[in-house]
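Quick one: the structure is below, and I'll ask about it shortly.
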Amino acid sequence: MSMGMSKIVKTVSSVVFPFIVIYGLYIIAHGHLTPGGGFQGGAVVASGCAMLLVAHGSIWTIGKIREKQLSILESTGAVAFILLALLGLVFGTVFFKNFLVGNKFLFGEIPGYLSRVANFNTGGVLPLMNFAVGLKVIAGLFAIVLVMAYATSTFKKGEMEDGKR
Amino acid sequence: MFFDNLPALAVAVPLFGAFLTPLVSKIGDRARNVFVILVMGLTTTVVFLLVNDVFTNGIQTYVFGGSYQPGETVIRIFFEVDGLSAFMAIIAVVLPLVAVIYSWGFMKKETGLDKYYTLILLMTTGMIGLVLTGDMFNFFVFLEITSISSAALVAFWVNKGKAVDAGFKYIVISTIGALFVLFAIALLYGQYDALNMAVLANSIQYTFLDKMALVLLLVALAMKAGIVPMHMWLPDAYGCAPSSVTLVLIGATQASLYGVFRVVFTLYGRELTTAVNQVSLNVLLSVFIVALALATIVVGVLMALKQSNLKRMIAFAAVAEIGYMILAVGAALSTITVDSNTGVTMLTESGEMALKGGLFHIINDALDIGLLFLVAGAIYYATRETSVNKLGGLARNMKYTTVFFLIGLLAVSGMPPMNGFASKLLIYESTYQINPILAVIAILCSILLLAVFVKVFHSVFLGPKLSVFKDTKEVPKSMLLAMGIIAIVIVFFGIFPELVVNNIVQPAADALTDMLKNGLYVKAVLGVI
Amino acid sequence: MLKRDFAAVIFFTVVAVFFVFAALLTHPFGSPDNPVMDDYIIHNTQTEVGANNGVTSVVFDYRGFDTLGEATVLFTAVAGVILVFRRLKK
Amino acid sequence: MGKEDCRMIESFDTVYLFVLGLLFLSVIMAVIRIIKGPTAPDRVVGLDTVNTLVIVGMIIYGVAAGSVIYIDVAIVYALLSFISTLFIAKYLEGGGF
Amino acid sequence: MIYNIPYLAVAALILVGLYGVVFKRNLIKMVIGVTLIESGVNLFLITLGYRKGSTAPIYTSSPGGLMSLPVPQALTLTSIVIGVAVLALMLSFIVYIYRHYKTLDARKIGGEDE
Amino acid sequence: MMFSIIDIIVYIFLGVGVFFNLLAGVGLLRFPDVYTRLHAGTKCTTFGSIFLSGSVILLGLRMWWFGNTDGSILAIHTGVALVAILVTNPTGAHAIARAAHRSGVKPVKAVVDDLEGGTTKKKSIGKKTATVKKKEEEEG
Amino acid sequence: MVENLLIDIVHAVVPILVVITSVVAIYLKDLLAATIAVAAMSLLLSLEFYILQAPDVAIAEAGVGACLTTAILIIAIRATRRMEEV
Amino acid sequence: MLAFIVTTIVCFIIYLLLTIGSATGASDFFNLGLWSNEEILFGVILSVIVGAIGRKIFVKKDFRMLNPVRWFTFLFYLFIPFFWGMAKANFDVAYRVITGKINPGIVKISPGLKTDLGITMLANSITLTPGTLSVDIDEDKNDLYIHWINVKKEALKKKPIDYKYVCGSFPKWVRRIAE
């Protein structure tokens, strides 16, 4: 039924997919240096997954990943995000404290005042939060598209469950 | 450490629970139910600790992600909990707790329960955040959380077309409302470059754009609170949602009402008595609000008379009850005056009494209407029927439910031993002093409401036992427990109204008047005005 | 039906006038007046947060709680969509 | 050396902005095709053209504004604009998703 | 006047969207209207934060100077994600409404089906 | 001297790119049916963007030559964008053309149409076209 | 001088195009065409964000507005019907 | 496994291209003045993630493209015959835009390519070159249906028509690259 699109589109989307994913991860990872961040990169990767969905059909896609797994992934991202915020409460003083800024090992360096050098090892807790949110957004947005596409493609014409339960 | 961070934890705990629910659901249904109830219990504990703190020590502020000394530029997000917020937080956390207990039995046969519980927890988060926050944009975000989760829950029974329709209506209305709120926030931000409510309240200038923002905020929040010209979504949503969800929805509606209070009294409270064409702004606002309130009451009661569906009938009663609250607050608003000697803005005594009545009625309304909806849900659970005309003679088989319905009936129509009487009496008394006509209309409508429900009671519970409902059994224990909790609280509030008014309602009313008199809300953030 | 349309037209006209006024009365395009908060953020984001990107530092640090709310909204929507499209029979 | 570079870019600013203005003419024509297009595929062709033109416009504006980081947005668009086209094409082909 | 064109575009976008929501009877058209309103509000926020001759609020090696305001951009990001969330939920409702009533006309739906 | 030559090349590239992009717009308006419009819309914009991006890449390389690291970022990111355009644009055009043909749009003034009278696809496509047409008739 | 004028023109043209496409999106009876117009609107809005110095928002609008919004709108239209009833 | 490694390496190269110019100073591990240590470390981690996700999608049991000779052929093809064909195409379209002379039709060709990648490359090349646009593809026989803006009379004599009228020497090049 839903067999996806022509061979050309399938091939091109397969070739472009890793490219989109790595680019989305690049945007997520460089959220504190260049335009981007968790949401933007997540949206890019989710769009890439949506491309696979439209090229190969939702039945193929649901064979690769199910919406329950996506839901769990999303929960993981959300829990990671809120745990990072709670760690601010534990190591710092308040909720959402940026407790990593100022240390020397992990994302702790501080660029000089008004410096314009892009140093990856900065930003405190921001890169970690970017990844948590990125995971969440990827899983969430793709889950929306996947669920809607799969559910509507399995509807038959004129099919409707009876009104009485 | 724990006690310093109560405002943050009040939001973080249910949110964390919501994020964990899909993971916990993997273990099993029972574990999930226990987990959700535990999370709700923990949230309730945190909120009550917070409320206790606020009522004893005054306004609590909490800065996310940094420290703040008065005098610095306000950048970060603030939580600011005063009496009113604390008062609303109690409602926002108690109703979902009861709803979760109720849905253990009520929702047993449904699928998709992990998402259901997740959404209930998220809705709780939204409501708590909505009432605790002190930042305009954060307010918008929580408003969206509340409305999206409510809409999804309203459409829980997707195989009923009406439920999905109601959910769609609800989400369109609330999204447009939220976008208006966002536009108003943008207008305020564009002028004052601030998003904090206290800072905005301090620097507001009453330019034309400010007035526009006020109108937009009021329209949007009134839309969400179900005040008359925009009330059409409310009966649908209340009537089509599962009863446990309706209970939480009442809380969401009242959180929007809280938004109205916050905007009028805090954000625009500083110069509420500014004259606009020789009429001061508060009088204008109060005339407007009282007219809407009267319309709300009358429309609600009249429409309730016409309904044959039990849940829709209760929903229109809920509309009427919202009218009572607005009526009291609008009446109170008209009595604001500036003392010419001291220059202090204050309310008259009857105004304060009306305010107290209105606030007390908020909590009573939540309980009364909530109980009625739970009873309607129980009837639906037992008989799969909601039409009044087809029901009859249920009293024999469902004794407890009958008693609970009776309690709810008396309470909602303001009969003596119940809590509804206490608050409505305050409203009648004070509005009579302000304008007798208001009180008369209010009393008449209340009596009509009583008539409506007595008729329902007669036709549903009394009368001959119908053969269709021969095998109906009493509902599961958890549902009875949930209804019982609310019923006991209703009776308790009815017997000791003074206790409640002095301990819970008085601080909230004080918080509202303090904003006008001393600007405590602003002082708590900025140090000085 | 006609009456309702009429009310809609009135509502629409009022709102139209409203928004056009809003558009005309806001500060002139391209010159916000005295942005204290934002200038503070622009000048201190590197030293306080350590990020070169001002927007990300606002999103995740200064207004991190909003972002949590936003993530929650997305989570809510996903839960809602999955709830709506769930399988009805057990 | 660095200073000289900056000046050299600036000498291109006006030219690039002018190019951008000309690109807008083309965008307007494509938008007209979106408005007129008798069938849906015609509109999609217009949309596709607008996509490509906007990507190029973004690159050009990035140079004109002298900011390198802006090119990232153009890459995102180059990768993603294609997906919406695919969705619409899939709709027109018929069959479920 | 010409300098206020972005603001006027905001007003126009919101009005067009509101027109779609209020007068159009097709549910998907209403949803498109909501999307347009949301775009208008987003554009308004960004326009509020724009400073003439500024660069983006990001420190990079390019010559900077005046920077546009970061807070509205952050708010807009939030608003965009909220928008897509709401849109997804509304559309899934619409799919179910269509399955029940076989129509997307707002006048024809909402009848009793019990 | 050499760099002034590069400048001239950059200007030429800009001119060519703009010319072809404008041509794409004009072609989009002038051509009679979807397929010919696709010819204009895809080929000309791709070709035009190659030249416009090429000019930017040249500029970036020149900056890099002068020791400005921005130049490298400019050149390489533009190159990446260009590759993305080159890969995705023809595929999008193919998808649209196929979709248009399947949704029943006939090429205008066609001298020959193998696909319509083809052997393997005849049945399914013919049926599909017919159903689509029927659906549109009953809907619109 | 010319530069400022050109920038002003850009700032004027893009919002007008956005408004035109939005009007088209509401005006057209064919919902698929309306969706295409919404996609174009989103695209041009993203360009507008971009020239208003908000690349972050432009990326978000690119990913969300132009791609995912179109996708779910199309899916919904597939599941319902394409033409607006009269 | 090989698929995983190939995908990882391709992604890593793309990541390195994207992050070029991030050097911070002499402390860099690869002291080329191009990348800093952290970038390379992160690039490896992210590439491994993408490799794990995308290995079955990117490579389909076909490691023909690992041969460097094919890459150089590809680059040569891209820059000389393909670019020349594209330039001709554009002037052709320009001519038709201005004069409005068209003589279109949809024709079928059988280039005789076996692999998916090859047929994809050919179809995309055809789309970008003189007066042709690939409309549809026969999934089994890899025959292409092509919209030809200026159908030549002599080409129509034999069916399916000879591909040299439509796309010149492209199939040969593609066969050399991808098969």
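As written, the chain order gives the labels A, B, C, D, E, F, G and H, with residue 1 at the start of each chain.
What we mean here is this: contacts are C-beta pairs under 8 Å (C-beta built on N, C-alpha and C of every residue); 3 or more make two chains touch, one makes a residue touch a chain.
Computed from a prediction, not measured in an experiment: that's the story for all the values here.
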Result of counting contacting C-beta pairs for D-E and A-G, higher pair: A-G
Most widely separated chain from chain B, with each centre as the mean of CA atoms: H
Between chain E and chain G, centroid-to-centroid distance (C-alpha), Å: 10
Inter-centroid spacing, chain D versus chain B (mean Cα positions, whole Å): 49
Gap in Å, rounded to a whole number, between the CA centres of chain E and chain A: 22
Distance from the mean Cα position of chain G to that of chain B, given in whole angstrom: 38
Residue numbers of chain G (touch at least two other chains): 11, 30, 35, 54-56, 58-60, 62-64, 67-68, 71-72, 75-79, 81
Residue numbers of chain E (touch at least two other chains): 3, 5-6, 8, 14, 18-19, 47-51, 55-62, 71, 73, 75, 77-78, 80-82, 84-86, 88-89, 91-96, 100, 113-114
Multi-chain contact sites of chain F, meaning residues that touch two or more partners: 26, 38, 42, 46, 69-70, 73, 77, 80, 84, 87-89, 91, 93-95, 98
Of chain A, residues touching chain F in the complex: 5-6, 8-9, 12, 15-16, 19
Residues on chain F engaged by chain A in the complex (per definition of touch): 84, 87-88, 91, 94-95, 98
Chain A to chain C touching residues, read off their complex: 31-39, 67, 71, 74-75, 78, 81-82, 85, 95-96, 98, 101-102, 107-116, 118, 122-126, 129-130, 133, 136-137, 140-141, 143-144, 147-148, 151, 161, 165
Residue numbers on chain E that touch chain B, as the complex places them: 14, 18, 21, 27, 30, 34, 37-38, 41, 44-45, 48, 71-72, 75, 78-79, 82, 85-86, 89-90, 93-94, 96-97, 100-101, 109-110, 112-114
Complex interface listing, chain G residues touching chain D: 2-3, 6-7, 9-10, 13-14, 17, 20-21, 24, 30, 32-33, 35-37, 39-40, 43-44, 46-47, 50-51, 55, 58-59, 62-63, 66-67, 70-71, 74-75, 77-78
